[in-house]
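Heads up, there are several structures right after this.
Shared between the two complexes below is chain A, which pairs with chain B and chain C, respectively.
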Partner chain A sequence: MRALATLAGVATAVSTLAISTAALAGPAETYGFLSRSTAMGGAVSADATDVSANFYNPAGLASAPGVRIDIGYMRANASLRMNGKDNAVDAVHGLVFGLVAPGKLLGMPFAFGVALHLPDDRVFRVRALDQQQPRWEIYDNRPQRLFFGAHLAIQPVKWLEIGGGLVFLAATRARLDITGDLSLSDAATSRLRHEVDADLTSIRYPQLGLRLKPTDRLRLSAVYRGEFQLTLDIEARLAVQAKLRDSSCATTLCVPFFTYLTTSSVNAFLPRQVVLGGSYDLTPDVTLDADVTWIQWSSYKSPMSAVTAQTKFDPPPGFPASLTPEKPAPTVVLPPNFQNRVVPRIGVEARLPLSPKGHSLALRGGYFYERSPVPPQSGGTNFVDADRHAFSVGTGLKLHAPFTEMPGDIHFDLHAQWSYLPERVFTKDSPADPIGDYRASGQIWSFGTTLGLAF
Partner chain B sequence: MAGVLMAVPSRIALLGCALLCACATLADAGRGDVDLPNVFSGPFRTLKRARRCYDDPTTGQQFCVGDDELPEGTQNGIAKYPGLPPSRSPSALVRGPLHVILFVGRGKEGSATDRIARLESKDARKFDDVVDVLPLDRPDEGASIGDPWALDVDGKVTLYYSSPTGGIFRARARDGLVGSSFDKDGPIALEGAASPLETEPARAPSVMLFGGRYRLFYASGTHLFEAESTDGLRFRRLGVALAPSASVDPATLPEGVRPPFDDASVDDPCVDRILTPAGRVLVRLLYTGRDKSGGSSIGYAGRFGDEGAFEKRAGFVYGGKLPGGLTKNSHANAPAVARFDDFALLYANQDTGESIQRLGVAISPQTISLPYPESP
Partner chain C sequence: MGRFGRPTARGFVARAAGIGLVAWASSAHAAPQDLFGFGARSAAMGATSAAAAEGYEAVFGNPALLADTREKSLTLGLNFARHFLHADTADRARSLPTDPMKTITIGAALPIPLGGVLRDRITFGVGFLDPVKYLVRAKILYPETHQFPIIAPRVQSLAIILGLGARIGDRLYVGGGFEALAALVGTIDIRLDATGRVGSRTDDQVVAAYAPIFAAAFDLSPKLRLGATFRGELIGRFAVLIRAQDLGIPLPDFNVAGMAQYIPRQLQLEVRWLERRTTIALGVLARQWSRYPGPNEPTVSLNQEYGTGSPPFSAHDTLSPRIGVEHVLPLGGKASLRLRGGYIFEPSPLDEQTGKDNLLDATRHVVTAGVGVLGGQSLPFSVDVYAQAHLLATRVHHKDSESGPDVTSSGSMFAVGIATGVRF
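Moving on, here comes the complex of A and B:
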């Protein structure tokens, strides 16, 4: 019977992959999710049993002691510089929200969780920059997006928890048709018709987590996050009568002009990741966490738009050659050649009892090191990045049953994180390079607060 | 569990909804791409008079789009200055933010230039302070002088210029860094064996000074050459600096790819030397490239260090096609650059559709806009 129950639990967990939706990473991957876990350096894959488990390890949801709702706010301000000048990389800020609801399913502990990072500026941003334009590839555009996750977790046996979900977000395919009369002498008199047809198509990737509890003081974890990318494909078709003047084709020279343009770009790429973690209670009130994350950056896709163009324009004799459009050369997208990386993380939490009623205060700290996956930019691309040392601190106040209407706990958490990106020098192979050598460095401050209600 | 969920205070749910709604605002496109590194050596974009105003028939009001980057009375890509007599082959000195002094060859319309003029502007685009500073008055200067190159040496503007028959000459300012009157030193000496490719008197000088040594780049025949000096008058030849590109049959090129713009000759060097942010010496060389169909454009080549070969950037950094398609280029030539903190302005001889060329002005990086002060 026990084996059957375990099998049923696993089947249930797997079945959730087909029904739950999630869109993770981006802001959470870069700046953490919810104050407790961020303050501990994100090293919580074996220790997160609150709402943040939706990102760090959904298996931990199964250990949630009760229903809990978290709401908070985060902000990350980057001061990233090239050649000593601040490049005004946009801040990332938004509401964070989450819920975990445990229960029983076929006699097994079971939990459902949702998590949301809702930017208060833009839901997500897509940028297709010139290939040579220097850009902070990791911090400029990728964190600028929505994060929504929903997961299920079960505990088929006391020492094992399994959780998972699917990532879901929209990729964009759009078609733009322009037809009509194009006046070459006075563009304002052109009469053009536009049709736009855009589709948002879903894309998914799996996220799976395991959590083992071999002893009361030790927890181990393994998490797999699939690859994710937002694609933006645009087709543009221009089919017009190019006219020398604003007049009918009976009185001026008209030439049919047709061009077909396609662009395809990838944004917000999230590489495949595997996390191994451990959490150990040094004392009943002090917990030490550690994670190691392998990130498959080598599969990183260039955000550069691949553009193709076909043009048909056969001017008759006498048509001004200076008005003849030039055929553009096709775009050659250079591979980014990012390198796989292992990111170590460590975190610690000390809980101080404040009263016999159960109030407590937690002090937290954490650190992680991300070696830059970006190779030397000696050629035609300028993906700018530097190694990152991130130090974080935080505190959490837990009030147990503070009001008669509130029989559960109130959690109030704060965190601050300082990321230091030491200077990196980029040199070019060619002295004719239009960008030339440059230096890149910076720091990022992020802050956040979370209010949690546990029942 | 449902009962517990229902017990969530409704005020908290209401607060959450209010926060979500309040934050659902439209954002701007974002930034993240300002003050980016660049060697400010092209591609260059012509400054424009691009402000256009329209009457809105529904409201009766006028709305305007675009910026004028040049003052009234000019056309796209042309600086404002007295057009006659024609001025050619500028050299630029920067005296402050947008404060530029140009030295140009000047002469009667339809004939070679016979004097050097000084043009000054506080906005880099409207040169209304114009004075002739160096006449043709030496027998060894022949019938024409031009192609000036100005640099500051020991608190004085030092002017190198050339004559088609007499080679390169030097003059030094009597009024320090103002450069409105000059004493002539006479021709410079080019010592050492001349390359067989050096088929004409040296012309179009460009000089830089570093470590107490002068480095001269000049044109002769179809090539650019390099020479070095300790006193600025007696130079030792170092050899060929830049050669024309090999010709390519346009029919063999992929669609959209231009043939070389400089397969006939290279001319008019404009050189400077910087330390890159990585601490390497970079010599930047803008030049005129001429193709075999009669067009010319501005090209760029660079070199790490003070010796060795230059490497060309593929394609021109300023120019354009002529009627007739990919194989014909414009006639832009004789570049000079004014470099500022965040951009560079290129001055060059530019087609205008008239019989003479005018002094064109362009900017790099191309993404920077430089609205003219009077543009509303």
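Moving on, here comes the complex of A and C:
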């Protein structure tokens, strides 16, 4: 029976690790996840043992001292400009929530964690613009999506923690079929019907983390995050009878009209990443963290829609030429040619005791530098981007056992992050380029707060 | 043809046995938690749960009863189902192709370790129903196409359910939560660029739809418990507006839209009787199908009178009685064996299809069974399996003179599942 219990327990844990879940790390990757970790510049892969470990390093969940529940809110407002004019990049805002539940499974420390960033407006958005349309590729649409993660972590020996899960996201595929009578005289009175066969298909990729504790004051980490992307493939078939009344309205010309449209695009691409980190307690009350993240931007896919259109229309003699459909050429999608980058991050936290009862105040700061992966835009594409310097500060108040019903800790955390994007000049090869040369710069303000209950 | 359509005894057994083989193929389905219940125990007990739910399953069945769970638990389940649906006319026997269903259930219960008067009173629960292949599937057919929109492959959708239960005093439980699913809305603007090549501007969004869950339970005595659960209406729409104004021919905007997923507002009332080792749950589930607008929407927004079927879609409310039984047999003091069974009567919300539409449905009889092994304190695990047989009554749809031959609908649906859990 004991063997059966072990088998069932391990099977459940491993299967859940393998099959569940997380999705779409966009907003957390760009603006951080939960106030403490964001305030420390996101340099916490070796330090996070709270709910934010679901994103930064799930191995840290195994060191959670007890059950913890966090809920909060964040908002990021971007002021990104081309030639001095604000491009009205959408703000990112949403609810953040998570929990971690540690325990022992057959004697081994074990933890289960869930984390969620739920945008106010949408789960995620797929947006594809004209190829030449300038767009802030990193900040415009990529953060507009859900982050949802559920992870497991174990501590097989005291100095080693392992955690992970599979991340999933959705690829959209749709087949649309439209039939009926199309009125060329008054399109709005057309008698058309449609069928839909659409799905959001799960795509999974691994997320794994390790945390080593060689001494009581030093922690080291390694994290791997797989590549993912949102694809949108739509086929639309229009098979109708195009009807046109002659000038006297005495008769109706009726011509079969067939159009087959396909559009295919990739959005919200998250490149493969490897994170190495360290965390060191300078004193019992001061911790210094540092991370280095390698990001494989070179595999970035263009978000441009590849569109094809085929039409079949054989009008009878005398049919108005102005109502004869075009036979346009398909799109040619130009490669983005982004470049791999290494992002350094640093963070510090100082904890100040406030009372003998265990109340304390934490002061935090952090910084990271992201060199733009976007190459010069001298040709037909206009992916606008600039280097990013992100400075963050924050504070956290911990109240220990403030009342009888709350035997654990209550945490109030706040953070603010300012990102500065210095001016970058894009020069076109062709003087006849319809967009021409331009300058890009900007700044992004991000704020957030988290309420945590730790037991 | 028998009372419940085509299955014979041999066919019944063969198909039930075949589910395990075919279920790993690809898939589609209507909201599984509404069809089968949520969790292996509930599914085995006739989808009773408003007074009888245990563990993470209460997050859907009755969140108030989460408060009865005092151990952290994590459960993983696999569920498979297969339809065998028929729409016959006098001159043709027609089996409707239906993808099998394959979903993963993940559930967790987390007692909140508060102190003082709140000690051992509040538990948080979470449940995921994750189709193995799809997060959302929308299949909206022409209304005259023979289809079973209530039970068959209209959609397969990820469901996320969160709940919180609290025990007030010794007898009263209250709780709440919400269900969420995804819907797709957007626009595709087909246009020619400056070089004459065709391109598009696409702006599609997956948005979340939410439905609240409110629940309460009251112990009239140690043996007798009453439970009530209200779940709000859950709508998942597919709506993509296609514009193609640059193709040289005047085209209207195409409103390619429809109801991809619909779970009606519902109220479940139940009584649970616990007699030593035997639990009996008896209840009724009321569903407000009359608010369901039907799966189809007009293709041309300015011509609302065309494209939604004929006659106009209508559905009516239903009352579904159900019963579940569980009997516990000790296994040497360290674990227990649980034998389960149940029955559901599901009346159809759709009328006979006398016009050109063929949105078919019929009264459904659901027989359920299952078995579980629950370990004690020294063996913190559980394994549960269940099976369900859904048998559709044969129904003749007498067509009017302009709508073709009469249609006889019939069929069956089979579901099996397994769940393993750990407590830590």
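To be clear about the criterion, the second predicted complex is superposed on the first by the 432 of 455 C-alpha atoms of A that agree within 3 Å, B and C clash if a C-alpha of one lies under 4 Å from a C-alpha of the other, contacts with A are read in each partner's own complex, and residues count from 1 in each chain.
Throughout what follows, a residue touches a chain if its C-beta (ideal position, glycine included) is under 8 Å from a C-beta of that chain, and two chains touch if they have at least 3 such contacts.
What you see is a predicted model; the values in this text were computed from it and never measured.
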Chain B versus chain C as contact partner of A:V307, first or second or both or neither: second
Partner chain in contact with A:P434 - chain B first, chain C second, else both or neither: both
If touched residues of chain A are counted for chain B and for chain C, the larger one: C
Partner chain in contact with A:L176 - chain B first, chain C second, else both or neither: second
Partner chain(s) touched by A:S378 [first = chain B, second = chain C, both, neither]: neither
First, second, both or neither for A:N87, with chain B first and chain C second: first
First, second, both or neither for A:L118, with chain B first and chain C second: both
Touched partner set for A:T215, first chain B, second chain C, both or neither: neither
Partner chain(s) touched by A:L95 [first = chain B, second = chain C, both, neither]: first
Which superposed partner A:A242 touches (first chain B, second chain C, both, neither): second
Common interface residues of chain A - those touching chain B in one complex and chain C in the other: 66-67, 69, 101, 103, 118, 121-122, 125, 127, 129, 188, 324, 326, 328-330, 405, 434, 453, 455
Sites on chain A touched by chain B in the complex: 66-67, 69, 71, 82-83, 85-90, 94-95, 97, 101-103, 118, 120-122, 125, 127, 129, 133-136, 140-141, 144, 188, 320-322, 324, 326-330, 405, 425-427, 430-439, 453, 455
Chain A to chain C touching residues, read off their complex: 1-2, 4-5, 8-9, 11-13, 15-16, 19-21, 66-67, 69, 99, 101, 103-105, 110, 112, 114, 118, 121-132, 150, 168, 170, 172, 174, 176, 178, 180, 182, 184, 187-202, 232, 234, 236, 238, 242, 257, 259, 261, 263, 265, 304-305, 307-309, 311, 313, 323-326, 328-332, 403-408, 434, 453, 455
Chain A partner contacts - residues on chain C that touch it in the complex: 72, 74-76, 104, 106, 108, 110, 112-119, 124, 126, 128, 130-142, 145, 156, 182, 184, 186, 188, 190-194, 196-208, 238, 240, 242, 244, 246-252, 254, 256, 258, 260, 296, 299-300, 302-303, 306-307, 332, 334-335, 375, 379-383, 420-422, 424
Chain A partner contacts - residues on chain B that touch it in the complex: 1, 4-5, 7-9, 12, 16, 19-20, 23, 25, 27, 29-39, 41-43, 54, 254-257, 276-278, 280, 282-283, 300-304, 310-313, 321-326
